[in-house]
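One structure coming up, written as structure tokens, with questions to follow.
Just so it is clear, A, B, C and D label the chains in written order, and each chain counts residues from 1 on its own.
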Amino acid sequence: MLELTGVSKTYDGTQVLQPIDLHVQRGRTTVLIGPSGCGKSTLIRVMMGLIWPNSGTVRFEGTEVTPANALLLRRRMGYVIQDGGLFPHLTARGNVSLMAGYLGWSPEKVETRLDELAALTQFPREGLDRYPVQLSGGQRQRVALMRALMLDPDVLLLDEPLGALDPMIRSELQADLRKIFQTLGKTVVMVTHDMGEAGFFGDTIVLLRDGQIVQQGTLKELVQSPATPFVRQFINAQRSPLESLRGDSA
Amino acid sequence: MLELTGVSKTYDGTQVLQPIDLHVQRGRTTVLIGPSGCGKSTLIRVMMGLIWPNSGTVRFEGTEVTPANALLLRRRMGYVIQDGGLFPHLTARGNVSLMAGYLGWSPEKVETRLDELAALTQFPREGLDRYPVQLSGGQRQRVALMRALMLDPDVLLLDEPLGALDPMIRSELQADLRKIFQTLGKTVVMVTHDMGEAGFFGDTIVLLRDGQIVQQGTLKELVQSPATPFVRQFINAQRSPLESLRGDSA
Amino acid sequence: MRAPQILPALMAAAWAVLLPSAGFAQQASAEREITFGSKIFTESVILGEMAVHLAQSAGARTRHRSELGGTQVLWSALLRGDIDVYPEYTGTLSQEILAGSGVSGEQAIRQALAERGIRMSQIIGFNNTYVIGMKEEVAERLGIRTISDLRRHPDLKFGFNNEFMDRGDGWPMLRARYNLPHQDVRGLNHDLAYRGLEDGSIHAMDLYSTDAEIQYYNLRTLEDDLGVFSTYHAVLLYRDDLNERAPEVVAALLQMEGLISEAEMVAMNSRAKLDGVDERVVSADFLVAKQIIEDPQVEVEGAMARLLRNTRAHLFLVSISLMAAILIAVPLGILAAKRARLGQVILGIAGVIQTIPSLALLVLMIPLLGLGEPPAIMAVFLYSLLPIIRNTYTGLHDIPTGIRESAAALGLPSGATLRLVDLPMASRAILAGIKISAVINVGTATLGALIGAGGYGQPILTGIRRDDIGLILEGAVPAAVLALVVQGLFDLVERVLVPKGLRLKR
Amino acid sequence: MRAPQILPALMAAAWAVLLPSAGFAQQASAEREITFGSKIFTESVILGEMAVHLAQSAGARTRHRSELGGTQVLWSALLRGDIDVYPEYTGTLSQEILAGSGVSGEQAIRQALAERGIRMSQIIGFNNTYVIGMKEEVAERLGIRTISDLRRHPDLKFGFNNEFMDRGDGWPMLRARYNLPHQDVRGLNHDLAYRGLEDGSIHAMDLYSTDAEIQYYNLRTLEDDLGVFSTYHAVLLYRDDLNERAPEVVAALLQMEGLISEAEMVAMNSRAKLDGVDERVVSADFLVAKQIIEDPQVEVEGAMARLLRNTRAHLFLVSISLMAAILIAVPLGILAAKRARLGQVILGIAGVIQTIPSLALLVLMIPLLGLGEPPAIMAVFLYSLLPIIRNTYTGLHDIPTGIRESAAALGLPSGATLRLVDLPMASRAILAGIKISAVINVGTATLGALIGAGGYGQPILTGIRRDDIGLILEGAVPAAVLALVVQGLFDLVERVLVPKGLRLKR
């Protein structure tokens, strides 16, 4: 679906992405993990055609992404920006339905879809008419997710889409989203820092470090045959939920 | 240290905080957990004197927080805003050292402190001269954390301070921070959605739901004698890091 | 009558600059109606209105361009056929209009006029020239009837207008010819002189012989027994061709010949100027009393009505030009923000326009757009561009990168991004620009009166000419109020247009 | 010489409005020097400079207020003692200054002047009146020497200035008195008429007898054999008291009596006007050639120097008023943003100020601040306030809530928040306001010339008066350029002041 060849990116002389080859398979979920600042978000922006690589090409269904066709391709992708990126001048409803309104959806259709999404993300109905500053962090994140899902795009690029959610909503949403992705055959690229989440979603997991792919494969592969010690270290760094209790009791 | 009595808050007619009594003990770390939108950030804002409760009082070391003294009290607290809240017009360095500069710290002292904090948070040195839009999400979060720690305040109010960090940096930072909090006797209020983190830091864990305290105590108490079924459900909702693997292999 | 010289010069000048090049463009388009003119002082307006009544009584369709800028303006308008008739004074004809051609005496004047295709009526009656006035009681007591009589009372104190003190045909000549011995002669403005007469601190002052105040203060005007003051007999001037076009109207107009005595003119001036009765009513009443016409049932325009009319005219100028400015400047600002190079050009041009002095801009407009509202609107419009362009440009530039990226990520095309994201985000800045422009607009539109577009500038300029603070305020105060109202209005618009999400405080 | 009437009226008016109330305040403070005046056309300036040279040769300290607004201005300044000497024309004295007092003949004029404390020299020599000019060759070929000779050539084509066509003492009189049969007479402006003479499309045109162009185009001026044009002999007018104060200077000045012939005046005008030689040089060279004075080594101000001087004056006005505006308006904008109620008042007042017409504001300033730079700066300053205040206010309001909260959370006091957070965040909007103000400022400052503050307005007004597009452009173009430069300058300032973090695109 998405084919990156030799993509590199430099900011002010520092190489943020080394030349990267990556194939995002249709209908599968690819999870990007890696240390903070390793280039995950940059990679996603390149895939969206929001920034342009210094070298290399991105192909979407075989056609090269160019400034000329990026606009139309982007409409076939949903993107959850890392910080939400909500429009402050629009309510939650306005943010989510902006594009649908532009495409001329009927109000009923918009409402129905909004209902579905609010139910999916357990977003409180009364929050729909609040502006971003009036929402909690987790609520804002769910609005961003709803906005990305609104048009039911084939491709979803999700940059830490659930990071600000409480464990309960998060785990339910994880389950629901995975079901959706699988049954509807979505192509998904997701960034997360939660190994549980990465394992839960990831058909393929790509571990980046300093703008380079260190290893890619299933979680199992990464755990069982880490390419470098760093892979093992990274995968195992996360504290388990009730670990301290075990430590306590130990 | 911080004593909340009957604090409630209403926005546009909806009760965001029910009357709450809470005692934040000096030198201890209190962790706030609860579903998204339950009022955790609101409670922290009330403690900071950034918003004023509709009823009830907040006392800081016995003196009631009022608009008149809030300014001075705030300088004794460090606050990591949920979304970072960095000033876009200042570099990372500028953001972190703004207050120190205002208080007339010598450049050397500022530089030394910056070095310490950058080392602590594993923040890349070259990133110090970047502006917020030029930083990755996790880097921004660390800048916000450095800013809160800069003046070495007695009280720290941390609203999901590590949510956007990768597991490796996160776990190292957790360890370092806990050491600092304990050895220097900081009074900390922290919001997190990660149960591992809550258990790791929390001397006391406060579970909020719909603006009310459902239960408070150590993690052990919450796990072993949950006040309601919801408490158990909430505590156990989070997926373990390598859980899916276990499921896979099961 | 020598019209007051100093203050009106400005307006006269403006008119003089503007009129010759433009003419009254509208004239041509209107069906053949008879256009009257009058100068910008009460007596002239009364005479003009009187002529209008008479023409109407003869069935003519009329139009009165009253309160035009000065002798030169009326005279050249008459020559060009922009007006057909206006009241003039013989003294002005020989001393000013025909000055230098050395004509003197009625016959010579008539001939000189005829050569230019202009006819002159017989004199209307009164002579509006300099006179010396005293309180009736004082003059009676001292037995003073003529200026020569003053010689017998060398202790009398005189208070003269500075202009009269200085002018060759004023006090210096009077003193010389009559050999007046008086020592206590001071320069005073007219208002103070009247008061001086009342409280006895002066005994005589200079006046025009038909001044309204003669009646009000009950003054005796001393006979100019040596005849040193030139005569300023009122006459009607009209175009030769009017005789063919509308002989019956000319006949009706000529009923004014010999009709008005000095006392009657004083009474009419007094009614109009001091009692504030509309000139149309004053002149109609006079004609009715003389049984020349039947009561034409004039509708009077009160101060309120005038205010309303000026307000309407001003609002017209402001609203059209502001609307146009918004419609043009916002897109230009957008363009400037989108295309850096072009943006510099647009902002540069808008800036350069702003440096053109307003009067010059108005003058520049005339050849293109004629007189009246169109050039005024155009000029005001041009001045309104820069703040809106600049603030639109700046507002768009100030949108945070994150918001821009969000919009791009949605795949919104740039037009829709502009409409749905950029403009709402920049709305506060754009509105600030519009508010600045609106206020500048209200201010600049007062200049419209200089080229016949009406509005609050009208009373201001008339007031400056008449040295009438009240009248100046009648324009200046509503203009100021309008500026406040416009700002308030846009504050309300801001509540609607600036999205609530951008106005929220936590 | 009748100075061109229409265009200069504006400036004359402005001066007339301003002068009487203010006088030249500086005069009193300077030690007793002798002040000369001249009108705002070349010949008058040459004569004035010549008088200055003569006075200096007699050891006087002098000051030349050249290019004043018009006859009325000079005359009243002379009467008030603001100037001591100026060149005038006999025709202007009788037809304009002393008009109405019926004086005619030199003796009468002398007496009328004496009554006002003014003396008149003998005539300087030349007579600057209307003449009819033809190409020398054509006139020679047809044997035409006098105006009467024209009658013998009824087919000649005439091209007259519109003013000459219309004026009582122009073509109508000429035709009547000389009984001229010519049919092909058109209204043309002078430039076209000269060209017409050159290419033969017309044969005669009207001129003033000392016009520079007579020499340039090699024209023959036809003798007014019936003497229909009034005489305009140049004379010096000076105050009576000068005889006592500086008899030797008067004696020196009177050397001008009978000194200059028509041809000599034409030559001097031509040198000054067409060759662009400074009037001081022209007059000095003349006196040196006549062996009346020794070469005074005049330093000439070239076009560049003049541009520089105007630029300096304009920059002075603009920079001081803009600086003051920034210093006052930014704090006012901050205040407005912090205190909602007070903010409405501040914005309201700033708006109301903007509605005061600029000329009125300048006039209002005079009683408080006198003539010259201070009132000009004040007025320009006042006009610059609104855009800065409004944009500061808006910029501060536009800061996102999150940023505000961050600042509050740090515990920064409000002053520091303003300095470290609010103002940098609002800097782009504030600078946009300053840019708007700066441009308005550059434009409004051109009005400063009306009250003697100099700057680019000087050549613009002089140019309007002289109908000299070149001169107008000498002010208008640099003003426009300055507007661009100022905008460019603030674009640079923006690079420094607007934090890089706010300008970054991803």
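Going forward, a contact is a pair of C-beta atoms (placed from the backbone, for glycine too) under 8 Å apart; a residue touches a chain by one contact, two chains touch by 3 or more.
Just so it is clear, the structure is predicted and the values come from calculations on it, not from any experiment.
Colleague: If you take the chains that touch chain B and keep only those that also touch chain C, what is left?
Modeller: Touches both chain B and chain C: A, D.
Colleague: Between chain A and chain B, tell me the centre distance in angstrom, where each centre is the average of that chain's C-alpha atoms.
Modeller: Computed value for the inter-centroid distance: 25 Å.
Colleague: For chain B and chain D, let me know how many angstrom lie between their CA-based centres, rounded off.
Modeller: Once rounded, the distance between the two centres reads 71 Å.
Colleague: Mind pulling the residue numbers of chain B that touch at least two other chains?
Modeller: In chain B, the residues touching two or more other chains are 50, 83, 88, 133-134.
Colleague: Residue numbers in chain D touching 2 or more other chains?
Modeller: 400-402, 405, 502, 504, 506
Colleague: Hey, how would you classify the chain contact layout here, line, ring, star, complete or other?
Modeller: Topology of touching chains reads as complete, every chain touching all others.
Colleague: Show which residues of chain C lie in contact with chain B when the two form their complex.
Modeller: 400-402, 506
Colleague: Touching chain A in the complex: which residues of chain C?
Modeller: Within the complex, chain C touches chain A at residues 402-403, 405-413, 416, 420-421, 424-425, 499-502, 504, 506.
Colleague: Note which residues of chain B are touching chain A in the complex, please.
Modeller: 11, 14, 33-38, 40-42, 82-84, 124, 126-127, 134-139, 142, 159-160, 163-172, 174, 193-197, 199-200, 219-220, 223, 233-245, 248-249
Colleague: Write out the stretch or stretches of chain A touching chain D in their complex.
Modeller: Chain A reaches chain D through residues 45, 50-51, 88, 133.
Colleague: Considering the complex alone, what residue numbers of chain B touch chain D?
Modeller: 48, 50, 71-77, 79, 81, 83, 85-91, 98-99, 102, 131-134, 147
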